[in-house]
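This is the structure I have questions about; it appears just below.
Chain naming follows the written order as A, B and C, and within any one chain the residues start at number 1.
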Amino acid sequence: MSRSNTVPLPRWVLAGAAAGALFLLLPLAAVAAEVNWAEFIPLVTSESSLAALSLSLRTAAASTLLCVLLGVPLALVLARARFPGKRLVRSLVLLPLVLPPVVGGIALLYTFGRQGLLGGALEAMGVQVAFSTAAVVLAQTFVALPFLVLTLEGALRTAGTRYEAVAATLGARPWTVLRRVTVPLVLPGLASGAVLSFARCLGEFGATLAFAGSLQGVTRTLPLEIYLQREADADAAVALSLVLVLVAVVVVGLSYRSAPARSADTRSAGGRSATAGAAD
Amino acid sequence: MSRCRPGRALAALLLTGTLGLSACAVPAGDQQNGTSELTVFAAASLAAPFTRLAEDFEAAHPGTTVRLNLAGSADLAAQILAGAPADVFASADEANMAKVVDAGMAAEEPRNIATNTLTIAVPAGNPAGIAGFADLAAAGVQVVVCAEQVPCGAAAEKLAQNAGILLAPVSEESSVTGVMGKVVSGEADAGLVYVTDVRASGGKVQEVPFPEAKEAVNRYPLVRLAAAGDSGLADAFVRYVGADEGRRALQEAGFGVP
Amino acid sequence: MGLRIEAVLPERGIDVRFDVGDGETVALLGPNGAGKSTVVSLLAGLVHADDGRAELNGTTLFHRTKGKGMSLPAYRRGTSLLAQEALLFPHLSAEENVAFGPRSTGVPRRKAQAAARRWLAEADAAALAAKRPGELSGGQAQRVALARALAAEPDLLLLDEPMAALDVETVPLMRRLLKRVLAGRSALIVTHDVLDALTLANRVLVMQEGRIVESGPPAEVLRRPQNPFTASLAGLNLVRGNVRGNRLLAAGGLSFAVPDAGAGVQGVPLLAVFPPSAIAVRRPGAAGTANPGREILGVTVTDLEPQGDRIRVRGAGLAADISPAAAAELSLVVGEEAEFLLDASAVTSYPASAVPGWRTV
């Protein structure tokens, strides 16, 4: 779908766009400029840095998986089901997007913590969430889940229900429709939702700090390590910041490279829908 | 003389939040309309006494506004080094003050205005039955301390070494408020915090004092900065804090005074 | 056997009852907004009736009263749907698309593949088996979609304007293909093309404002249309009125002699039809009298438009087709008076009737 814009944009839009891009890029450039390059490799390969990076990648991967497991059904229900109070449910699901992460961490603390809502039950089962890597995963999932739900719900709405209806009339049960039609159709949306969630997990700081604590190799993820290093060694903090920026750029770049190609394919498959006359 | 170098200010912005931005926008002392402004950078643990002192100082010096910037000492030192406009700096440790002094940004020799010592904070009811410092090393006790990189963590480490016990904390927080949070919520069985934190918590945690604590004393140095806009006013504030009013406020907050 | 449906859905203004015999292809005609697609959705299980019931080959599809009751889910109805868009699953090849129905009902992979190839061949699409939907033209995609619908071996095939979105050139091919595969198959085809009805259907249902208003063999329905929509499909002028003597009196003061005035039933309106070619046009008060057997109808010209190689003149709700030469000579202008000369021998008349969707029992 190549679309050429015949009407040029007003100049001030371009100026605003340039200012906006600069606003986002300049700080990143400033970080790069501040890096002590002579010490860069030792700084980012120190034991604590590697432990933090490894923990961040592992927890973000686990959280993304959890986001998919919980978010796919949630998005399906929000996009397809009809029930009273759906708008309310949607706004509640999206709440972590606007909530300060620290508040999320505090909320999790009072849910899964030792004195929390489920703390007693968890303790009885021999599960201790507090100060464990599981707590990091919970915190990340809490803040990242809305990204997946929002992206996937949008993809589901765009895909529409017509393919699903056709599949049903061909004899496919709901589970078959979901597995063989709905999910493949929204796979690009699911992928970019998962990537966004992963990126959000990587950057998660406030909820983790409030809920999981900070211990090297267990709960101290890269953002927490940066925050701590800043106290003692600003060079290390800047170097690690750059690492985090690079990881984020790679992740986001990957998602935007893969997403458009597949969705264009999906669009054209509607055949001649755009030109078809209205049915009654 | 420009105190606001864009590159450094940008770095400050990145490192410490938004303060660097306002640093360029608001002049520290604005005497044109007969009012003067004093910007005080103070360690977060000084929040309660300094808020009161600032109000009293304003009352004693009509037309003066004291702007308090309360944050971690390392943050504040980084902001000052990055060119943030501050008149007075009160640090919670000597290391961060040394950064400022070494950079030649202090106008005088810093003076110690307060001391603080560690204590054990436990959740209401003391569920793990902590009775002294040695209990923190007992198996199954969930202890939270500050990370070594921050003053309260360095102090905790020193105490542990002196006592010859090995702490195995479940979390090493980057600030003492992080430790307090874990104790207040009952997540941790005990935490090493400052006496003043327990005092400020208003009974949300219980204190288990231990004699070994006096082996690690944190000193709070205060200094007028070389870049102060109104050095007379800045001096007045420094003296005010060191005088009886200041000592009383600090003592009430739980600080020791020299 | 076959289909029998009665359904009411006030929300969409639907109130229909009709049947489709075993092996019978029924065309559902009607103007836009008549509710044809809703009827298809009701049968496919995509929309639920408030009241009514439907049975297909002895299986109850739904039986509902006041919005409650049973309704078989779409996947258990045996009613495959082919819509105007192919809606091939974009992530599957043509063959996998066709195998989708059999695979969904538990047919093993290899058997489903074999069936898919057989149905693709049936739909003249064997060569497209390995293609992705994105690589197919509209006509090709629709042939694959037809194969996919047939491969599900439905008890009733639902076709909702299957040719409406195709290029003009590909329509005849698709129509021939449909004629072949629909032979002997129970099917309901929604269309507004009269040619589809004539070539594909054993019977025609005309739907208007949510109701079935006409039913019968295509030729008969088109010869004796009961309402303006059907008459326009048949290309006929339709006048509805009451008989006085041997003349038909219609609303608006229109009046002319009808051949079978006596056949009219007392108290029932009479319908008269005649082709636009049965009307000649002249300017009012033109010299000379009309031929005997021609009725003179004074009209105001409401529209002039080209119609093939003729010019269509509209007035008083009637259409007259005249040659371009005659039109040039008359130099008619919309809004002016004219006289329509109706050839009375071309008029057919018959009583109006309320025809339900049921076949004659």
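The definition used in the following text is that a residue touches a chain if its C-beta (ideal position, glycine included) is under 8 Å from a C-beta of that chain, and two chains touch if they have at least 3 such contacts.
Everything numeric in this text was worked out from a predicted model, so none of it was measured.
More contacting C-beta pairs link the chains of A-C than the other of the two pairs A-B and A-C.
Taking the mean of each chain's C-alpha atoms, the chain whose centre lies closest to the overall C-alpha mean is A. Spacing of chain B relative to chain C, judged by their CA centroids, is 85 angstrom.
Look at where the CA atoms of chain A average out and do the same for chain B: the two points lie 36 Å apart.
The centroid of the Cα atoms in chain A and the matching centroid in chain C are 52 Å apart.
The residues of chain B lying in touch with chain A in their complex are 7, 10-11, 13-15, 72, 74-75, 78, 123, 142, 144, 147, 149-150, 169-174, 178, 181-182, 185-188.
Residues 162-163, 165-174, 176-177, 180-181, 184-185, 187, 265-266, 268-273, 275-280 of chain A are the ones touching chain C in the complex. Those residues of chain C that touch chain A in the complex are listed here as 30-37, 44-46, 73-81, 83-91, 100-101, 104-105, 133-134, 136, 138, 141-142, 148-149, 152, 158, 160-161, 164-166. Against chain B, in their complex, chain A makes its touches with residues 26-27, 30-31, 33-34, 106, 109-110, 113-115, 130-131, 209-210, 212-216, 219-220, 224, 227-234, 237-238, 241.
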